[in-house]
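In the two complexes below, chain A is the common chain; its partner is chain B in one and chain C in the other.
Entry: the complex of A and B
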C-alpha cells in the first residue's frame, strides 16, 4: 500500500465528553472494497462521516488522494454517500434526484439528462425517470440512491448501512448488485455495516471496530479463522472461547487442561470455530475434548448450530450438517464429548 | 351507531350551529331589503353591497387591508420560517428562552398589545401609518407562521440536508434547492393563515391605524353611527375572504403532509 487513496492518521473524534473514535490509523487503497463493521456505537459511522466531511476530526489528519482534507467542507469533496435512510429528495422525481449532484456542479441541462439516463439504464431503472420517489419500492429506491451517488463518477463511494431497511431476499440481490458494480467500476467502496454476512460476502478487507478503536483489519477469512482479540472472536460469532492460564503448551481452564497450538504463559484466551468441532455421544473424538450437556439446536439454512453447556456453565457451540444431527439425535440434557484437532484452536489476545 | 357516538355528533353539530348562526344570519340579512334585521324577511336585494362599494372610505379601507395583510403575511412568513429553521438546525444555549420569546405574542391580551404598540409606534413616529399596522400585524402573525413551518421541518429527514452537501451543494444552494422546496406547502399555508389573521384583526389595528383605517376599523365606525345593513354586506365579504385563505392553507398543508 505505497499509494493509498485514503489515509487516517491518529484520527480521534470527541462528542462532548465521549470519544467516539480514538486515534484511528487506516489506509484504503484504490479500488478496494472495505467494510467497517462493529456493534452500534463503535464509531464506524462517525469514521465514515469524517471521511465525507460531515464531521471534523478532533485530532489527527485524514487525507484523500494525498490531499489533507481537514477543514474542507462536505460540499467541496467528491465523496458521495448512500444513506441508511436513503435521503432521496421527496419533492423531486427519480431523474431530478439523479441529476442533483450534476446540477450542483454546474453541468449543463442536456448533459445532465443524458448522464442521469445512462445511470438509470445501468441500474435497470430506465422506465422510472418520471416517477415520484413515493411510488417506488424499497429496492427501486435503493437503485435510485446508488445512481444519484455514482452519476458524478467519483473515485470512492461511501455506504452507510444501505441495506438495513430491506427485506432479506432483497438484501441478497442488492449485495450482488453492489459487488458487481464495484468490480465493474473499479472504484473504492467504503461500507459501514453491523451485519457480518454483508461485510464478509462483499468486502476485500474488513475493519472490525469496537469502542472507537480498530480491533482487527484483514480479509474476511483471516478475521474468521484468526480473530486477533476476544472481542473479535465473540463479535464474529460461531467461536468457542476457552479462558484460562497458559502454562507452556497447555491451557488450564475450568473445563480441564487443553493443549495449545503455540507455547504461551499467563492468562490466555483460546478460540475454536464452531465448524471445526465435532460432538460424539459415547467416547471423545480425536484431539482435545471437553464434556457438554446438550441445550438446543438452531437451523440457519444449510448448517445447524448445536448449543451445549460446559461443566463451568459456559456455552459451547458445534456446527453440524443435517445428516450428522439426524445420526446424533441429541435429547435435551444429554452429555456429549466435544472434540477438535489442536491446529483448529487459535490463541487470541485478551 | 351507538348512543354515545350519536350524542357526540349531535354535540358537535350544535357547536358548529351556534358558532356559525350569527355569521349565517349576517350573510342572510346582507341580501334583505328591510333596513332592520327582523323576520320575516323582506325581498332579495344587492342594495347594501352597492351602497357599501360606492363609498370611497370603504374602498380605501379594503385597499389598506389588502396592502397590510399581504405585506404582513410576507414578513410573518419570512420571520416565522427563519425562526423555525433556526430551531430545527441549531442547538444553542437559551434555546428554550428563544422559543418561548418567539411564541409569546399570542399570549398577550390584544388590548394591552394595542396600547403598547400605540405607545411605541408614536415614540418612533410610525403611529397612524400603514407601516405601523404592518409592523404590529407581523408581530401577531409570526408565531403562527413559525408553528406551521416548524411542523413541516420536523417531518424532514435530517439526512436530507447532509445528502445535498454530500452531492456538492453549498449551504445556500441546499436552502434553495432542498429546504425551501420541502417547506413550500408550509410556506404557502403560513402566508394564507397570517394574511387571514391580519385581514380580520381589529383591536391592535384600531389602536394604531389613525386615519389609515383597515376594514374592521371602518366597520366599527359605521356601526357607531347607526344600524346599517351595509355592515352585513362588508362582513360577508370579509368572512368569505378569511375563510377562503384559511381553507387554502389547510388543504395545501394537509394534502402535502399525507404525501410525505
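Entry: the complex of A and C
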C-alpha cells in the first residue's frame, strides 16, 4: 500500500498477563472507511485506543502520516474520537461542546463560534446550540458528538461503537449520515463495531479480529462470500460449516460425502452461506445435499432464516423469502433436504 | 378494612413517627433558642410565654467574654482549613481514582485508619510538638490539626465523586486536545463541583465544631467559639442565657450554609453514592 495514512507494524498490547492485541500489522490509506469488527474482547477497541494515544503499545510501532506516534500523548495527536457513550460534556451546552476542541487548540472565540455553527448547521442541529445536553434525544446527542469531533477538521476520525446505544431505526439513519459525511469530507474513518450490518454497509474494508489477532482483512463482500477461516465464517454468521476429511474433490463429513469446490486432502472445513442453500421436501436430482429436521424459523424483516438439525446434531441454516416459506410450510421435526450448488461452497482454513 | 384505608393508616403512623423523631431532635435546639431570648432569672422556668430580650446577644461580644475575637478565630481556622484541604485532597483523590499507584490500597487504608485513632491518644504528641515549634495557642497550629482531621475524610469523599465521572468524558477531552492538567481544570473540576462543595462544607463543619484539640492547644489568642462557650460562668452558676445566645451564633452559619448548598448537597451525596 503506497503512502498509507496509518501503519501498525508488529503492534502488541499486554494488560497484566493478558495479550489484548498480538503482532498486529495493518495499513490504512487516506480517505478509507475501515471497520474493525470482532466479538467482545477481540482487541478491536484496544487497537483503536492505541491509535488515539489512549493506550501505549507494549511492542511495535504505530505511524500516522509517516510519523511514529509511540510516546505521543493523545492531546498531541489529531485523532478525535466518537464514543459509544458519546462522552459529551454535560455541564456545557451544545455549542460549547462543539467548540471545545477548537478552544483547546487556541482558536479565537469568533472563529470558534462560526465554525461550531457551521458544523451544527451541517448536521441539522442549528436550532439546538443553546440547549443543554440532557435536553437532547439519543440521535441529537450523536450528531453533537460527531460535530464536536469533526469541527477541528481532522484527517481521521475514530469511532468506537458509536451507534450501539441507539434505537434500530436511528441506527439506519445515522449510518446514512456517517457514510455521506465520510464521502463528502474524504477523511479516514476507523470504525469499531461488533455489528456486521454496520460494518458491511458502510466500510470500504473490514478487519475481522479474534483473540487479539487479525483473522481477515478485505472488502465486505469478500469477507462475506469468502471467509478465510472457520472463525470468520462463524462470526460473520449465516454460514453453514461442514467439517470432515478432504479426499481430492470430496469432503467426508458426518453428514455424508459432499463435493468440494477445489481439490484438497486432509482435515478440512467447508462453508456454505445460508442464502446460497435451499430447502426442499424431495431430494434434488443433482448437487450436494444433506438431510435436516426442521427446528425453527427466525423472521428478520426481508428474509427468514430456517434452522434445521443435521443427522450429527449440527445446525444447518437456510435463508428463504416469505413466499418460499409459505410454499414449504414446515412443521417442527419434519425432514427436509438442504441443497446447494458446488460453486456456492467455500473451503476455509481451520 | 380496605386496602386504601390500610395505606392511609400506615401513612398516618409514618408521619406521626417522623414528627416525634423531629421533635426529639429539635427539643434542645428549641430550648436554646428560647433561652437566648430570656433574662437570666427566666431561664429555668419552662414557660412558653415570657418577655423576650435581645440584650444577651450584644452582651456575649462584650468583656469579659469577647466572643467577636473567638468568632474571628473560628472563621479563619475553618475557612483556611477548607481552602487548603479541598485542593490538596482533590489532587490526591484524582491520583487515587485515575492512576495505578504502587501501594495504592495500603495508602488508602492507612489514610482511613488515621480516622480510627481517638483524638485523646494523639493530643499529647501534638501538644509536645506544638510547644517545641512555638505553635501552641496559634491559629496556624489549629489549622494544621484540623487539616489532619479533615484530610482523610475529604480524600475519601472526593475520590468517590471522581470515581463517578466517566473516564470516557476525560478521554474525550484528551483526544480533543486537552493535556491532563487541562482535563482536570476543564472537565473534572466542573463535573465534581457539587462533590467538592459537599466535601468543603463537611470539612468546614468539622473544623468549626472541633473542640478537644482547641481546648488543649489554645488558651487565649487562638481560642475558638466552642471553647468560648465554657467561659459563660459566673458566681451564680452557668449563664445559660448568654451561653444560648453564643450557641445560636455558632449554629447560624451552619444553618445558612445548609440552606445555600441544600441543592448541591443532595446532588453531591447521591453522586458519591450511586455509581
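Note that in this section the second predicted complex is superposed on the first by the 348 of 350 C-alpha atoms of A that agree within 3 Å, B and C clash if a C-alpha of one lies under 4 Å from a C-alpha of the other, contacts with A are read in each partner's own complex, and residues count from 1 in each chain.
We take it that contacts are C-beta pairs under 8 Å (C-beta built on N, C-alpha and C of every residue); 3 or more make two chains touch, one makes a residue touch a chain.
This is a predicted model, so every value here is computed, not measured.
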**Study point:** Clash-or-fit label for the pair chain B, chain C on chain A
**Key:** clash
Practice item. Examine A:339 and indicate which partner it touches, taking first as chain B and second as chain C; both and neither are also allowed. Key: neither
Exercise for review: Applying the touch criterion given at the start, work out whether A:188 contacts chain B, chain C, both or neither, answering first, second, both or neither.
Suggested key: neither
Practice item. Kindly classify A:85 by the partners it touches after superposition: chain B alone (first), chain C alone (second), both, or neither? Key: both
**Study point:** Touched partner set for A:74, first chain B, second chain C, both or neither
**Key:** both
Practice item. Determine, under the contact definition given at the top, whether A:134 touches first (chain B), second (chain C), both, or neither. Key: first
Review point. So which positions on chain A get touched by both chain B and chain C?
Key: 52-54, 73-75, 79-81, 83, 85, 87, 89-91, 100-101, 104-105, 148-149, 152
Review point. If you look only at chain B, which of its residues touch chain A in the complex?
Key: 157, 159-160, 162-171, 173, 177-178, 181-182, 184, 259-260
Review point. Tell me, which parts of chain A touch chain C in their complex?
Key: 52-54, 73-75, 77, 79-81, 83, 85, 87-91, 100-101, 104-105, 148-149, 152, 158
Study note, to complete from the structure: Touching chain A in the complex, chain C uses residues 166, 168-169, 171-179, 182, 187, 190-191
Check your understanding: How about chain A: which of its residues touch chain B in the complex?
Key -> 52-54, 73-76, 79-81, 83-85, 87, 89-92, 100-101, 103-105, 134, 148-149, 152
